[in-house]
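Next up, some structures in structure tokens.
Below are two complexes that have chain A in common, paired first with chain B and then with chain C.
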Partner chain A sequence: MNEKTEVKDIDRSLHDKKNESKHRYQSAKGLTPEVIKEISREKKEPKWMLEFRLKALEIYKKKEIPTWGADISDLDMENIITYVRPDADLQSDWDQVPDEIKDTFDALGIPEAEKESLAGVGAQYDSEVVYHNLKEEMVEQGVIYMDMENAVKKHEDLVKDHFMKLITPNDHKFSALHGAVWSGGSFVYVPAGVDVDIPLQSYFRQNAPGSGQFEHTLIILEEGANAHFIEGCSAPKYSVNNLHAGAVELFINKGAKLRYSTIENWSRNMYNLNTKRALVEEDGVIEWVSGSFGSKVSMLYPMSILKGARARAEFTGVTFAAEGQYLDTGAQVIHAAPNTTSTVNSRSIAKDGGHAYYRGLLKVTENAHGAKASVACESLMLDNESKSDTLPIMKLQTDDIDIGHEAKVGRISEEAIFYLMSRGISEEEAKAMIVRGFVEPIASELPLEYAVELNNLINLELEGTIG
Partner chain B sequence: MYNKKLVDNLTTGQSKLLSSKRRDSFKVFEKLTKSDFNRINLFDYQFPEYSPYNKEYLKEKKWQSQIVLKKMTDNLNNEEEILNYLEEFKGKKVKKGNQGLDEKYLSMVDAFYNTGLFIKVPRNTELKLPVEIFYELDKENPVLIDNNLIVAEENSKLTIVIDYRMKDQELAAFHNGLTRVIVKENAVLNIIKVQRFNDQSDNFDSNISLVSNQGELNWIPIELGARNSVTNNENTLIDDGSRASISSVYFADGDRKLDLGFKMNHQGRHSSSEIESRGVLKDRAQKVFRGDLYFQKGAGQAKGTEKEEVLLLDKTVDSDSIPALFSEEDNVEGEHAVSAGQIDEQRLFYLMSRGMSKAEAKQLMVEAAFNPVFDKIPLNDLKGSVINEVKTRIRS
Partner chain C sequence: MDKKLLKISDLKSKVEDQNILNGIDLEVNKGEIHVIMGPNGAGKSTLANVLMGHPEHEIINGEIEFEGEKINDLAVDKRAKKGIFLSFQYPQEIPGVTVENFLRTAKTAVSGEQQSIFDFKFLLEEKMNLLDIDLSYADRYLNKGFSGGEKKKNEILQMAVLEPKLAILDETDSGLDVDATKTVAEGIKKLASEDNAMIIITHHNQILDYIKPDYVHVLVDGKIAKSGDMELARLIEKEGYSEYKEEILDESNSKTNC
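== the complex of A and B ==
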């Protein structure tokens, strides 16, 4: 008899460290124009932003909850606290950040990572950014990296032109919610031709129980610019459900290249209903690297709109669904211009009753002649308590294209193990190699130094026995 | 129009149990609203007025003595047997399963069928020649609502060809059909369905099957006609080692719209399935391919593959593919692959360098894609006419 390969769960002890919820201001529960006005007043926002928020709230009230995907009936929207201001001011000197908050980020390895390998760091605690710093040489080249609140005031025109233009409150219920109550997040602007060769990183931490995090990330890359942005998320587990409904808008101009990496490790009571979209102009490139490990429910489908000729999108994603998790993720690519190309590579693992769902869209519009796309999805099931589904939708509206898709589901192949064993590798090691190899695409896409976080995340211990 | 009065008319002279089945189905039909087929922009479809179907659809053959073959609309003396078979479809724990392309369309057939056949191959019977059925639509018979039940008993073997066709190019005809299939232990059943309606007509067709222990069911659906064609083919592999395959071929040109659904529900251990679809889209044709491989819990060591290839001949076509894999069992092998694109320029160039015109070269390549499936048509006349039809239409 073969014994099944045991893959231990991710070690969450680090992330489950919770601080006493100290805050200066916390909005009332629920969603009313008064709460929205209150948030806007707290933030001392320009008037147009308040109007935008109120309009989004109206849309939110009208929109229905999606009827497909996850069951989110457990999520008590009326009782989510939409805004929690931590008891701290925004700092650009790490030592000034309050100890409690600092300790949390220290444990997560953020400051070390900054010292060693990052061009800039942002850290958000609950609804507000508590730390933001950008290396001097980047500032000199005109790179802007700051928290969204300040960007709204300091770079008002730039923000006004782009803010929620790619993701609008009309898109769905949670984008409307985001429009109404967004808070925190990062703003990145890279001028034409500037190459930010080391990554920028924002880390989002949700500490207050029963709250929602709605950070807004807006990145604009001018012509020929180049940047790598890393987003990390975590939260301790409380008995009440938390909600994350952020928005990420990426504008990639002519010939620019952006890599957007996410390591998402929200706690297992988080509803992660995030929206991410990139608009790519001529010869521009977007590369998504996405690791989904945490949350109770995730519904996340990053979209790349290839608007300019020869624009390119790449998506590499790993989803790991363990006990009690329903992770519904996938890439969306719209080929809307000639000779655009895209590659989607998704891996998912389901174990201990987890449910991994790949749901993707590939659309090629009428004028996208010469488009090339490939979608590959692989799922690994570690036991038969778990579920794994794959649903890639393809919509093709022109003839001169080359589209390929492949998907596979199954457990660790006996043949592969046998092959490795025939090469003198023990069965244990063979199985370990296969599982590691399975997640390798994402591990290899991250900068080595950044493995601080990833190492904390994936702690795979394999135990195999001789069959 | 599709009301109680019509049910009363239809049950006059029909045997008792089947009549009450019609009435029960009508109660279901009454309450339901029709689904829309969004992806081909078919909204709020209106069923045309009912009319009876009185054409003969069977070629008389000697083999008839070996099998049971009855018209579902007759006053049957074996109706209990039929109902027992129908019962088998109930209680198969399939998520949203056994509903055909839509419950409304399905219950419409069950309540208002104007023709249909019950075919049973008894145990240990093997028929060398295929059973040929042709449902032909014409001015006198513009509406076809066929309710078929095909049963292959243990160790039997049979091939059935159902040809849906029409000569009249002007007539706007309507077809809503239902074919239920039961394949018992060790039986092998092949079903070839050809749809060649004109481009004024609408085609709706549901196919549902149950395949038992070591049974094998092979479908060959060939879709060449109709203005709108919405079909569904769903197979449940209920026991150990049951097998099913679908080799689908379609050619859509002009303004045709196709919505093709294929589904394999794996319940039995070691069950295996294969879905293969090859198609060509030309002019402004629209097509949706839906292929579901569903591994239910308990279907250990099941294997399913799904493959779709589509050739796009014009800029104005619209091709949707939705291949899905749903798995509740780890010890399975599921795979799907889709490829879509133009005819390979290099191959086209090669053929043209050998003296072929572009049209001829294209035609040859389409034939090359289709022929492996066409070769499975056991009737030479039918095969010839299908091949000719595709040929002329590629050139037009």
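== the complex of A and C ==
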């Protein structure tokens, strides 16, 4: 008989490196209007934003914690420090960023990637953005890529017209919380017809223990514009729970196309309760690429609202849940106009008692004649202790549509392992090979450096011989 | 040079509580081709799986010796590294893993030498040409969407690349049309040499029109009921297996009577 072998855990040594927490200002634990006013004063915000925050706080107090999905009763909201400002000002030159913070981003490979393959980079450390830069030729074409705080002041009208219009504080408790305490994030504006042909990347790093990260990302693509935005997240592990409740709002106007890629590798004490939404006008396209590996609990369901005729959404996602992780993820698509199309392709892996849950929504409204949608979600359990479920919900309000659906939940096949081993391949390697093959359709969609990271995450510690 | 390759003595096995192999004796030397025939459920595929080390099968008696070493408890991948190969009756589909990447990994494992991408590609193309396989198959996912015939050809391709000392071909000819049988059989013939041996498991004779075995064994109820040469295969084609079933029955009856 063969001994049982394990696919090793993702190596977190790099991401777990923590810096001594230094900061200029830290809000008192818990949430009161006074705390909100302090945050707003610190940020020197316009008055409308303060009022918005206070209203959101009222809603937050009234909303109940959701009782479906993952268990989040461990999350002590009164003890999450909402706003931590790092001991650094915003820079557009890495040399000006304090060494300790710069070293962290260096280790994560961000400045190197900027030189080589990115049009612009934003780096957020705890609640504030410490670095933001955009290539000159993009600036000349009218592209805006800056931290949200400055956008609120410098592009007030644009922000005011869009900010929390797609995700409102009324949606759920964590969107209300976000509205009250949001801090940091990126603002992207691409004028009509401009093609940002190399990706923009924002990297979010949470360093302070027991804190929350509530960054707001707002992207507006005008008619016919094209862009690719990459979001990366990580945090070191502390014994106290951290909370991430960001919001991502994407406005894709007529004929515009946006690809939004995320690799999330938060530490295993993170509650990742993020809300993401895209509004797509006529002939517009949103492509989501999403990798969820970290966090203790994730509840993440990016939504695409296909508002204009022939608008299109594609979602490609992979979720990897290991010991102690409950990752509840999925895509939501709303077809609200004729001849809209969508494709959802999701893969999840659970090992060592991890729990990977696919929860998705496909809704086709009455007027969405000729809509086409396909949903495929597959999950793979590597052992008997792990769990996986799929819950793809469909609400179809019209008939002349074309819907395809496929859901598969399975355990790693002993016969497949035997087959590979009969060719001289070790059991560990056989399992890793099957897992890599399983996520291959997703890996091939990722930007190269993330595809490599994904492979490393699976491969690490395994005797991989594939070059 | 020592010709001895495989020696099986009084091998008995079970799956859960069901006994399947009931005392197999068989010796295979280099340069030999053995054919094992038998009715459905006789234990032919079990013998193949036990020789390869399938974890579901438990050996309850006897020995398997390979090149003089007892391998009863050896892990599956270690057996492959020693030079044992099994061509599966139902090869598994492995989505997302290309034929080329898979085989390069396997070749590296079996040979113990890192295979450079270029050299390996060259080797693979050479073997694909030998077996008349379209080169585009190298980039396809392993067995994914392959027809029955393509899967069997792919098994023989793997054998050609890995160059085992002992190849066990489990029903490699089943489910193939006449042309496919011919291609597969000719491939096998090209690969047979003085330095390797083959055990061909089959329940019909078509493949024997192309390959001339040195020995033919009839497996019934988990035992080898009779051994012979091509003549035996021809006889079975005419008369079937019923005679051998009775022989074993008689034998066990007489044992009880003693």
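Of note:
Methods note: the second predicted complex is superposed on the first by the 423 of 467 C-alpha atoms of A that agree within 3 Å, B and C clash if a C-alpha of one lies under 4 Å from a C-alpha of the other, contacts with A are read in each partner's own complex, and residues count from 1 in each chain.
Note that in this section contacts are C-beta pairs under 8 Å (C-beta built on N, C-alpha and C of every residue); 3 or more make two chains touch, one makes a residue touch a chain.
All values reported here derive from a predicted model rather than from experimental measurement.
Once the two complexes are laid over each other on the shared chain, residue contacts for A:Ala407 go to chain B alone; chain C is not touched.
Once chain A of one complex is fitted onto chain A of the other, the partner contacts of A:Tyr419 are limited to chain C, with no touch recorded for chain B. Of the two partner chains, chain C is the only one touched by A:Glu429; chain B is not. In the superposition on chain A, A:Val139 contacts neither chain B nor chain C. Residue ranges of chain A in contact with chain B, taken from their complex: 366, 369, 379, 381-384, 386-411. Taken together, the chain C residues at the contact with chain A in this complex read 52, 54-56, 75-77, 79-81, 85-86, 88, 91-92, 94-97, 101-106, 108-110, 114, 117, 141, 158, 162.
Here chain A touches chain C in the complex through residues 1-2, 413-416, 418-427, 429-430, 433-434, 436-441, 465-467, going by the rule given at the top. Residues of chain B that touch chain A in their complex: 295, 297, 300, 312-342.
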